[in-house]
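The two complexes that follow have chain A in common; it is paired with chain B in the first and with chain C in the second.
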Partner chain A sequence: MIKRVEVNYRGIFQKSLGKYLGSDIVMIASRMGKVAFSNGRYSDSPERNGIPCKYFAFVAEDLSEEELEAECGAKLDIDEADVSVVVDDTMVKGVEPWGWHGVRPINEKVHEKGCLLVITRHQPEDLLKFIAKKPYPYRLATLEGDASLAGMWVFKDDLTRERVLGAIAAVDPGIISIEAVEAYLLDKTKDARRAGAAREAYEATLRRVRLVKPGEGINWSHPVPVLPKWHEFEDTGIAVPAVPRGFKLGPRGQGRNDRFKRGTTKTHRPVIRFDLCIECTLCWLECPDGCFDPTEDGLYDVNYEVCVGCHKCAEVCPEPECIVMVDELRFENDRSPWEHWVRDPQGYIRWAEEKKGKERVHFPVVTGTGREVREGTYVPPKLSGAETPA
Partner chain B sequence: MKQTETDTAVLDQRLAAWDRKELLNGCQAVAQGVRLADVDVISAYPIRPYTEVMDALSKLIADGKLDAEYIIADSEHSQFEIVKHASSVGARAFAGSSGTGWMYGFEALVVTATDRLPPLFLVGNRALDDPGAFGVEHNDAMALRDMGWLLCWATTAQEALEHVLIGYRVAEDSRVRMPMALAMDGAFLTHSQHMVQVPTEEAVARFLPRYDLGPRRLHPDNPISIAPQVNEDWVMELRRQNWEAARRAKGVIVQAYQEFNEIFGERYATPFFSEFMTDDAETVLIGVGAVAMPARTAVRRLREQGRKVGYIGLRWFRPFPTEELRECLSRFRAVGVLDRNFAHGSPDCGGIVLHDVRSCLYPLASRPAVVNFIGGLGGRDISIADCTRMLEITGKAAERAGDEETVTWIGLRE
Partner chain C sequence: MSTGLPVIKYDKIKGVKNTPHEEFYTSGHRTCQGCESAMVMRQFAKASGPRTIATGSTGCMYVANTSYQTTPWIIPWMHTQLGAGGASAVGMAAGLRALMRKGKLPEEKINVINFSGDLGGGDMGLSGVSGALQSDYDLLIIMYDNESAANTDIQATGLTTYGAQTTFTPPGQKHRIMARRWKKNVAGMLAVGHPTCRYVATASATYPALDFLNKVRKALAIGGPTFIHTFDPCPKGWDFHPRYSHELGELGIKSGIFPLFEVIDGKVIYSYDPRKKGRVPVREYLEKQGRFAHLVDEDVDYIQQMVDKMWEEWEVPGVAPFRGNLNSAQK
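And then the complex of A and B:
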């Protein structure tokens, strides 16, 4: 029997983390006398920042190395996973890998006895608000943590690698045992703290496995693209129809091609306090993906379907608290924030402040410092005329 | 057979030839081969999947494990020119590329062969754009087949490491002096991690002599002018010399594998291609590269059902092992040629390997039926089930030889 682990990670930022986890599983399983091997989904490999990608590890006890590779190594993707690890919880909203696959549910590959293991600070119930229903029961385990940059070349070692190994041992000891994880980490690093982190995560995860019932979750709204047969498309090479030239003011007013959305790329999204905007145009000018739509009142709406959460607008915005990056999991939809603001300015400001919460996430330029969380400040609404609250 | 003292000594020596096992992907395994070959000059320009080779090499240099000039070029063309020139001054040189990047440097590749210089190039096989595609397809490396190069494929990461050593050994031999392309399937081999045995530097030094160009070395103490313009009265003789070198290369290759086996253990039963379960086989599949994994597994499973099938992995494509393969394939009733490439507009619109295999069989009075499969283009996977199907189609071709479809596309949406 072959055990299959997939690690869902964010391209570039978590690339090394994904690969290291793959190699670690192979090394640990080999030390346990099993046959193992690891690869990545190659079409993911020309990664761009934040693109959802996958790394795989395969473990077997009763197969030769060649049989294992023939079964698993000659394929681009897996049919089912024993454990699907998610090292950035915002990917539970669906992953749109490179290419023409559409937005796929994060638990797509998890089989009936399998486990979806998410590194998150959210509750399992909150995650299930975004995860597709399955016709059979499966397990959802959560391990407390952030979307780690451990493994990136500017990494801050936060022991995520060790903790995930411990958590995998907890949800499926048939892949790697916690004893083997500890022994491996001790031998490799001579650092008891690392083996300890794995053990701690192992014990914590054992207490945080939840059975997801059949039908629990959401109806998946994203269609799966159907790839045409060779004689079903024009024989002039691949060409994607362009959008009409020109634009109009207002939400979705700029021509964007629906075939090139990359919304599942983001871990954070910009929340805009339109009342604080000084109309400096910088967010609109600097956005690398052209996500900001100028509106007739001189403001800039943002299209979350195409925003990849790069943080640039928030960095260039000169007004404190006007554009703040917020955890993508706090949002249920991609609707226009400007329309909300026009409809109900006070309600919008309350909504925006509630979403923003108290913490502001930054990624300092200095290498090796990881991410930084600061306290935000509350700026009272600046509403003109009759709209000013009493 | 009784083991003699000498045998034991040989075995001990072979055991000592291996240093350690490391978890390496195909690209990192090649980089280890380059380290062990003590390469002097590396020129790099990124393109996936080759990029990871240059990454691994720069890390080996940064870590102090390899002492080599590492020159980042402005394009593949410059990259290949740099190693060609390095090779001409007596430096053991390495470069590599993939797909369209490889094609962009082609002019430099062609002159490296006609200058009879022996650098080694890694081709991480990749589909030729457009549209932009990353998966494996063999047309990039196959484009060398008429250019006076040595061209060989590795099947595993282990073989990739070993063929860097074998490649330099053959290419630099004074009887050969041809550039060497070592090809490796993108993704399935370049980017999957395997446990690889790494040989010791001492054992490698016994196998791979120093690179010595003799009087052809460009040096201030040996001023020469390489590749001056010639007129119509020279080129045919130069081409004939090139042919002669390729012919001699076959003997050098055989000798290289023999000595490799003596130093490192019996790793290669045959030099030019590997045979798997072919002993009493009636139907065989012949393929190139990493597809050997699912193909051999399919063969093993069909054998369990009593089917007389086998697999042949073609390792060396240039020089083509004409006599050896002819003799081998003459034993079977039907041969299925699996091409991970496509020869546009060629006879039967088949693959490149098909044409060479069929041509090499032509002089036989009694030839096996030959059918062709086009599969795995642009990185499409070839599964165990696909290989089983190909063996079945091939087997049927033997029964009704003559009227079968020559070319079948595998894994196509049709």
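And then the complex of A and C:
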């Protein structure tokens, strides 16, 4: 029998983490006398930062190395997973790594009695507001922590790696046992702190495994597209139809690639206080993804379906508190914020401030070198007479 | 040298509020968060407008833009091989000319733009670009320079900054600096080497605002083969948070490590002259990137000294590294 682990991670930012977790599982399972194999998802390469990607680890007790590798070598995806690890909790909203993949549920591969293990500071009930329902029971485990985002050349050594290993041992000892994890970390690093972190995460996770009943979760609204076969391609051979030309002012007024929106790339989304906007155009002009829509009143609506959350608009916006990046898990839908603002300016400002909360997450320039939470300032609404109800 | 067709009349975009709204390279590509090369695509398509055909050689912006049978392009776009940027532009322009001559297409000006990366345009495809710049077709070649082969996970190219970490140049215990080549000055080389090419420029997609948009329009309007080299901070390979990609571009220009200029009919115009307000120390630019985390003071001083030379000793600062003769002859 083969045990399968998949690590869902953010491209580049968590690439080293995903790779190390895969190789650690192989090393630990080998020390336990098993045969193991790890690889990245074939189609994730070349990886772009922020894109949802996967690493796999396979563990077997009764197969030879050759047999396991033949079974688990380079693949587009696996069919089912015993443990699906999610190292950035915003991925529970769904993942769309490339075109024609569709936005798929994060628990898609978790089989009956399998486990979805999420690194998060949210409660399991909050996560289930985004996760698709399954016809069979499975387990949802949460391990408290932040997404450990690092850069291409650095690995952020914040013990997330050790803690995830401990948590995997807790949810499925058939893959790796906590004793083997501890022994491996001690042997390899001679650092009791690392083995201790794994043990601590192991015990915490044991207390935080929740059974998800059949039908618990949401109805998944995103269809899974079927990629055309080679003989179904257009008459022109391998030509891909261009995006139809079209622009008008207002939300969704620009023609866009509707076969690949990739909004699942974001961990934060911009929340805009339209009343503070000075119409400088910079958010729209500087957006690499062209996700802002100019409106007839000179403002810029944002299309959250195609926003990838790069933070650039918030950085170039000259007005304090006008564009603020907010945790993606605070939002239920991708509706146009500008339409909300036009319909009910005061209600919109209340909504925006509630979503923003008090905390502003700040990242230093070099990735993986820290994350600071500062308190934001509240700017009172600037409403013209027409927008203020009498 | 030009095809003799009436040129498209472009107005200079004055003020960010007059930037055309319509996009011809739109959302739904698979680039990184905060990708400045995607800004180059978006802006050249915006500036050139609907009567444009683009060819792109293999590289980051090819693979990211054709993710499994989808495209963000509204204008026609074609992929060509890694070193074939120049040849594809010439072929495309020649094809259009032939079709028009045979009456199969109405006579009208259609812009032909090729974009190649720093590996495709500046290293591997350099001869093709040079050949294209000697042709008599109207075409524009844009070399988007993110200082690495970013599509295949960041390998060094001839345009990688000295000292940078790449997959090919990992810093080690014994040898700290593995990228020992000084960045190739492609725009300067092409301007010096192709005296009949009427327009060669360097640009950054977002700084100064509108600069790149107007350079694309100038290049397309002037006729004949033209070339623009863009400076694209790459959050993935340079290792900085995508939030700061504009800031990095701005710092690169203000520190003078990437000079911004146009060569129009042999005349050099500095689009942003960092000497006027005093050059920002290159340290401020280098320390904000993870790929330079291993540099020590000595290395930073060396880079600073090379940049100083470029601005203070070169006969044509930032453009051509010749020294002395012209000035002394005049004196």
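Simple rule for what comes next: the second predicted complex is superposed on the first by the 364 of 390 C-alpha atoms of A that agree within 3 Å, B and C clash if a C-alpha of one lies under 4 Å from a C-alpha of the other, contacts with A are read in each partner's own complex, and residues count from 1 in each chain.
What we mean here is this: contacts are C-beta pairs under 8 Å (C-beta built on N, C-alpha and C of every residue); 3 or more make two chains touch, one makes a residue touch a chain.
Computed from a prediction, not measured in an experiment: that's the story for all the values here.
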item	value
Contacts of A:210 with chain B and chain C, given as first, second, both or neither	neither
Touching partner for A:258 - first (chain B), second (chain C), both, neither	second
First (chain B), second (chain C), both or neither touched by A:76	first
Chain B versus chain C as contact partner of A:23, first or second or both or neither	first
Partner chain(s) touched by A:133 [first = chain B, second = chain C, both, neither]	neither
First (chain B), second (chain C), both or neither touched by A:330	neither
Which superposed partner A:228 touches (first chain B, second chain C, both, neither)	both
First, second, both or neither for A:355, with chain B first and chain C second	neither
Superposed model, chain A: greater residue contact from chain B or chain C	C
First, second, both or neither for A:282, with chain B first and chain C second	second
Shared chain A contacts, counted only where both chain B and chain C touch the same residue	45-46, 227-228
Touching residues on chain C, where the partner in the complex is chain A	16-17, 19, 21-36, 38-39, 42, 50, 60, 63-64, 66-77, 150-154, 165, 206, 209, 235-237, 239-248, 288-291, 293
Complex interface listing, chain B residues touching chain A	23, 25, 48-49, 130-131, 134-135, 186-188, 191-195, 290-291, 293-294, 296-298, 300, 379, 381-384, 412-414
Contact set on chain A toward chain B in their complex	22-23, 26-27, 30, 37-40, 42-43, 45-46, 65-67, 69-71, 73-76, 227-231, 237-238
For the chain A and chain C complex, residues of the former touching the latter	11-12, 45-51, 98-101, 151-154, 227-228, 240-245, 247, 249, 254-262, 265-266, 279-282, 285-286, 288-291, 294, 303, 306, 308-312, 314-316, 363-368
